[in-house]
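Please go over the structures that come below.
In the two complexes that follow, subunit A is the common piece, with subunit B as its partner first and subunit C second.
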Partner chain A sequence: MLDALSRSTLLRHTLMTVAAGAAVFALTFALSPYRNYQLATMAAYLCATAGLTVLVGLSGQLSLGHGALMAVGAYTYALVATELGDRGTTGPLLLVLPLLAAVVVTAFAGGVVGLAGARLFGPYLAGLTLTLTIVVPAITTTFADQLGGDQGLSVLVEPAPARLGATFPLERWQAWIASLAALVTMFLLANLVASRFGRDMRAVRDDEVAARLAGINVQRTKVVVFTVSAATAGLGGGVLAILTQSVSPGGFSLAFSLFLLMAVVIGGVGHLAGAVWGALLLVALPEITDSLADSIGSSPELAERLDGNLSLAVFGLVLILVTILFPRGIQGVVAAVTRRLRSRVHPAPASEVPPITTSSESIDA
Partner chain B sequence: MHERTTRVRRSVAAVATVTLIGTLASCGGSDGGSSAPGVTATTITIGTHQPLTGPAAAGYSSISPATKAYFDYVNSKGGVHGRTISYEIKDDGYNPANTQKVVRELVLKDKVFAIVNGLGTPTHTGVLDFLKTNKVPDLFVASGSRNWNQVDKYPTTFGFQADYTTETKVQATYIKENLADKKVCFLGQDDDFGRDALRGLTQVLGEDGVAERQKYVTSNTNVAPQIGKLKAAGCEVVSLATVPGFTALAVGTAARLKFQPQWISASVGADLNTVGAALGDAAPLLEGFLSTNYLPSAFDDQDPWIKLFKQVNTDFNKNAPFTGNTVYGMTVGYLFVQALEQTGKDLTREGLMETIEKGGLDGSGLGELRYSPDDHAGYGGVRMAKVTGTSQDYFGPTYATDDGDTPVKEYTEDPTVPPADGIPAA
Partner chain C sequence: MDRFIFLTVDGLARGAVFAAFALALVLIWRGARLVNFSQGAMAAASTYIAYSVTNATGSYWLGLAAAVLSGLLIGALTERLVMRWVDPAQHLNAVIVALGLVLVIQAVLGIAYGSEYRPMDVPFSRSPLSIGDQALLSPYDIFVFGTVLAVMAGLGYAFTRTDIGLTMRAAAFAPDTARLLGVNVGRMLTLSWALAGAVGGLAALLVVPTELGAHPHATDLVFVYAFTAAVVGGLDSPAGAVVGGLGVGLVLSYVSGYSDNDLSAVVILGLLIGVLLLRPAGLFSRPTARQV
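Coming up: the complex of A and B.
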């Protein structure tokens, strides 16, 4: 049994996903509606950060435009759900079809950007993706009749199924949907990372020339990763639209895109587990700083000024500290601590060579 | 071999851990619901979302402190049926995405009894579904959109202001009678605020009666292109559906372009103190500026409501500048207290909403509140006001109409008077 587990990555990932799903499912019953809403938001962010960490950490492409890609997903969800609602669609289809559309449309948008981006490096790619984020408000304003301008669109979402009971909190239902989406994303990405394609990605990141000499199609690999990453962002955006029941450009600002990237870096870039930390931070840090601002802000004016701004400052500070002190992010720290604990329990044989940090090591953690 | 077993062990450990967490978590209890969230024997906690920062903060940021000041005044006299009112004010920066977040915090985390006077058309529209799902009373929304009066769709939402359609119907009637041969144009916010306002104008003046229509978004503070087009079209009267900051931008930009039409603004963007402060030295540009409003003028020291609110402002609002926003905020506070008084000691969300639907509330408005079981619209009486020097005073009769096809008629009832102690009776 253990042998089969160790040999089959797929089996191992399936088991982990099912277990994590069971744990989250149980957790939603213990949480208050507000905490469930936060859990759902975190899961929606996780879809995006997981895709982003693979893109940045494993294929070496920097994107400042993932917030914009989430906006594509969210608006697609809103438009498709409204259209379906007008045609009288109800039930699970009204949930699944818009989500699928969000993923497909965003993947397509990501593919187009990826095609251009595969020819660019570092800051130039960052610049390209940055423009995506900047044009979002302009697009929603220009096509205000379809996209609702600054006010945005309201999203047609049905309440939790009646068979769950009249007092069933909507937030728990939302947490289920969001967590399911996040688990599917994590499962698929984990397999992708562990696959041959995952090795191609890392080879491209480390040395494009060497990768090309080894027979890897560098352009294609980059475009595919960008498309996959965009698809997950689209899913995240779609889920976010379900949670907030409305989409507006203000929710996908430049700051939000930067937050996504910062979260991925702080969490530990290139690790799927790091993406979880990142998503957690995205939800927890603003809340913590807000309550901090409330408690230290003796005068209402000061609290007012700190409100919203403090979280930006704290996020930036955390990013600087983490980059200096723990360049491998939170997940790097967690991995190091567990490794040390384990080696204390099971001292390594004297003959064993100390582990060498290789580029491929980072994804196994 | 060693690496393989390590990996297996790691996986098993991880699976075991998450399962354990799950089991532990599922042992936790669920929270029991009380009949009226946010209400204890001695307190009532309510919340609001306000633009304390951002593009709409000019003027509007002083509304919630005024409401709070009125509550503090009532609390100082023992509260309502022995309960003091605690007013949680959250800043959303006039950004609909932030509104989503702060309203969920108020309802789910802070467990407020009701949302009172949540401000903004684009912002509040996004939380209607959420508030309905959670059956939260959504009272006296701070916007004149017609969205708040949809009893079938949003049974817990109640308007407060004279809606924009009502205001512009009265404006259009004034234009028809006094500025008949002028070319009428429109500048409005690109959302339901602007659309509702334009609807009232075209209803009275006809589709052809509004020659040039321009819109702006709050995320872009350059209105020169719009003003340029209005000038090029030869507009002589421009009806504004703008927030105060953009009223100032429009008037200032027009002056720079040597364009001086007759402005007629909806109440939300017309407060002289607010717009004048935004214009600074250019405030004299507002001479002759017309607007509609439905609450007593902040400049009318003889009005009994203004006397009351000025006193409260001095005692409980640190003597903040007294503007139309102060009158607005305190009227909201008065109405909420009146609703609580009339509901009685036994307070539930359903009971409070029934009270409001009974139609017994009045407040400082020039006309009547239109609340009934099938109408959740706020004040229905609107009057024209004009800026002369440093004052903004009403002239002509008060008109009454609705957001539908009802024609504009003169309103002849006497204005209301506040009770002697300034606190509504039970």
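Coming up: the complex of A and C.
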């Protein structure tokens, strides 16, 4: 059984996904509605950070504009849901079809950016994606009739199905939807990373010329990764639209895009587990620092100035310190600690050659 | 036609500031091979210092000097205290640390000064002078042009004629060889950052008073446009930064003059994609040889 597990990546990923799903499902019953809402938000972020960590860490393309891609997903969800609602669609279709549309439209947008970006390196791609973030508010105000300008749009979301009972909290329902989306994303990405295409990606990242000599189509690989990464961002944006029940350009600012990238790097870039740490951080850190600000801020004026700013300062400091002290991020520290613990429990014989494993951990490293 | 001339001149005046800011980015890119994403926030800090000095003394010129000096200091400190410790093998990390600096600087400014806009005065009139019926530059625009030109001429002279400038170029282009020849490469890098900080602070002080005033986020858009300008021109080329900056200024001016101001960001994105599709490393990039 264990042998089969170590050989079949698909089986292992399926089991892990099912186990994680069961754990989250159980967790949602233990959490208060507010915590469930935070869990749902974290899951929505996770869709985007997982795609971003694959893009940045494994294909070597830097994107500063994933928040803008999430905005594409969120707006698509809002528009399609409204359209379907007008035509009388109800039930699960009103949830699934807009999400699918969000994924497809964002993947298309990402494909276009990826096509332009595939020839660019480092800062030039960063410049291109950075501009995406200032285009979002420009487009929403230009097409204010359809997209609602600065006010944005409200999103048509049905309450939790009546079957679940009248007192069933909406937040738990939202947590289920968001977690399911995040689990599907993680499962698909984990398999993609472990596949032949995942190896192509890393080859392109490490040396484009060598990859080309080995018969890899470098341009196509880059464009496909960007498209996949955009699709997950679109899904994350769609889920976020379900949670907040409104979309506006203010929610997808330049700072938000940068936060996504920072979360990925602090978590440990290139590791899907690092994306989980990053998403957790994005939800937890503002809350921790805001409560900190409340305890410090004595006068109302000082409290107003500290509000928000203190969390930004702490986030920035954490970011700088983590990047300098632990360049491989949280997941790098976790991996180092577990490796040390493991070698203490099972000291490896000195003569043993390190095995060439196919486990995803060693490939990611 | 009158309108076209007016928009052109106005665009060039705005572009001059972007050009100076882009030049600051190029300075650091050439020295350290990284895009300084904290340039905008550093410049915002300089404008606040200028604001405080001008308020305390009543003199615009002391504020201007304070902006330049504080820019020098902030740039040097950023390199010495933060950037030097970043692992150079991981290219992404320098970007992330710079973004972290942006958060810290903007948050500190927000806590110190609050989040309302602080209007700033300019020393010259901003109403355009006319030749005949044709509205042209305002005295302030001429001041901006003159300042930016002086900065560029100064930098050009320093980098081509003076020992220190040539040493800086040597340290940037061939750090190992320069080190063997006795150049203190680390100190030259600090100097690059200090210069970039000063140029960025000066550029921000020129543009911020013409908009809403000092604000922690006042330079965000300036940074994005300047970065676009530097990328369009090619990050390695100072001339490219100037041409890119003027180009971006012209495009912004025409778009807001002839159609909708909201569209300018979209047009900038189009310009960026267009240029990069034709020249992936910017307009002024040279072909590079590489060993396979």
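FYI, the second predicted complex is superposed on the first by the 351 of 365 C-alpha atoms of A that agree within 3 Å, B and C clash if a C-alpha of one lies under 4 Å from a C-alpha of the other, contacts with A are read in each partner's own complex, and residues count from 1 in each chain.
Throughout what follows, contacts are C-beta pairs under 8 Å (C-beta built on N, C-alpha and C of every residue); 3 or more make two chains touch, one makes a residue touch a chain.
Keep in mind that this is a model prediction, so the values were computed, not measured.
Novice: After the subunit A overlay, clash or fit between subunit B and subunit C?
Specialist: fit
Novice: Output check: A:26 vs subunit B and subunit C. Expected answer is one of first, second, both, neither. What do you get?
Specialist: A:26 sits against subunit B, while subunit C stays out of touch.
Novice: In the superposed arrangement, does A:141 touch subunit B (first), subunit C (second), both or neither?
Specialist: After superposition on chain A, A:141 lies in contact with both partners, subunit B and subunit C.
Novice: Tell me which partner A:92 touches in the superposition: subunit B (first), subunit C (second), both or neither.
Specialist: The answer is neither, since A:92 touches no partner chain.
Novice: Touching A:161 in the superposition: subunit B (first), subunit C (second), both, neither?
Specialist: The answer is neither, since A:161 touches no partner chain.
Novice: With the two structures laid over each other on chain A, which partner does A:262 touch: subunit B (first), subunit C (second), both, or neither?
Specialist: It touches subunit C, and subunit B stays clear.
Novice: So in the superposed three-chain picture, is A:151 touching just subunit B, just subunit C, both, or none of them (first/second/both/neither)?
Specialist: First partner only.
Novice: Looking at subunit B versus subunit C in the superposed three-chain picture, what is their shortest Cα distance in Å?
Specialist: 6
Novice: What residues on subunit A does subunit C touch that subunit B touches too?
Specialist: Touching subunit B and subunit C on subunit A: residues 137, 141, 304, 308.
Novice: Which stretch or stretches of subunit B touch subunit A in the complex?
Specialist: 2, 4-5, 7-8, 11-12, 14-15, 18-19, 21-23, 25-31, 33, 52-53, 91, 93, 95-98, 100, 104-105, 108-109, 121-122, 125-130, 133-134, 190-192, 215, 217-220
Novice: Can you list the subunit A residues touching subunit B in their complex?
Specialist: It is residues 2-3, 5-6, 12, 15-16, 19-20, 22-27, 29-34, 37, 137, 141, 144, 148-152, 154, 157, 159, 167, 170-171, 244-246, 248-252, 304, 307-308, 352, 364 of subunit A that touch subunit B.
Novice: Residues of subunit C touching subunit A in their complex?
Specialist: Answer in residue numbers: 29, 35, 82, 85-87, 90-93, 95-97, 99-104, 106-108, 110-111, 114-115, 220-221, 224, 227-228, 230-231, 235, 260, 262-266, 268-269, 272-273, 276-277, 280-282, 290, 292.
Novice: Okay, in this complex, where on subunit A does subunit C touch?
Specialist: The contact residues of subunit A facing subunit C are 56, 62, 116, 119-124, 126-128, 130-132, 134-135, 137-139, 141-142, 209, 254, 258, 261-262, 265, 269, 304-306, 308-310, 312-313, 315-320, 323-324, 327.
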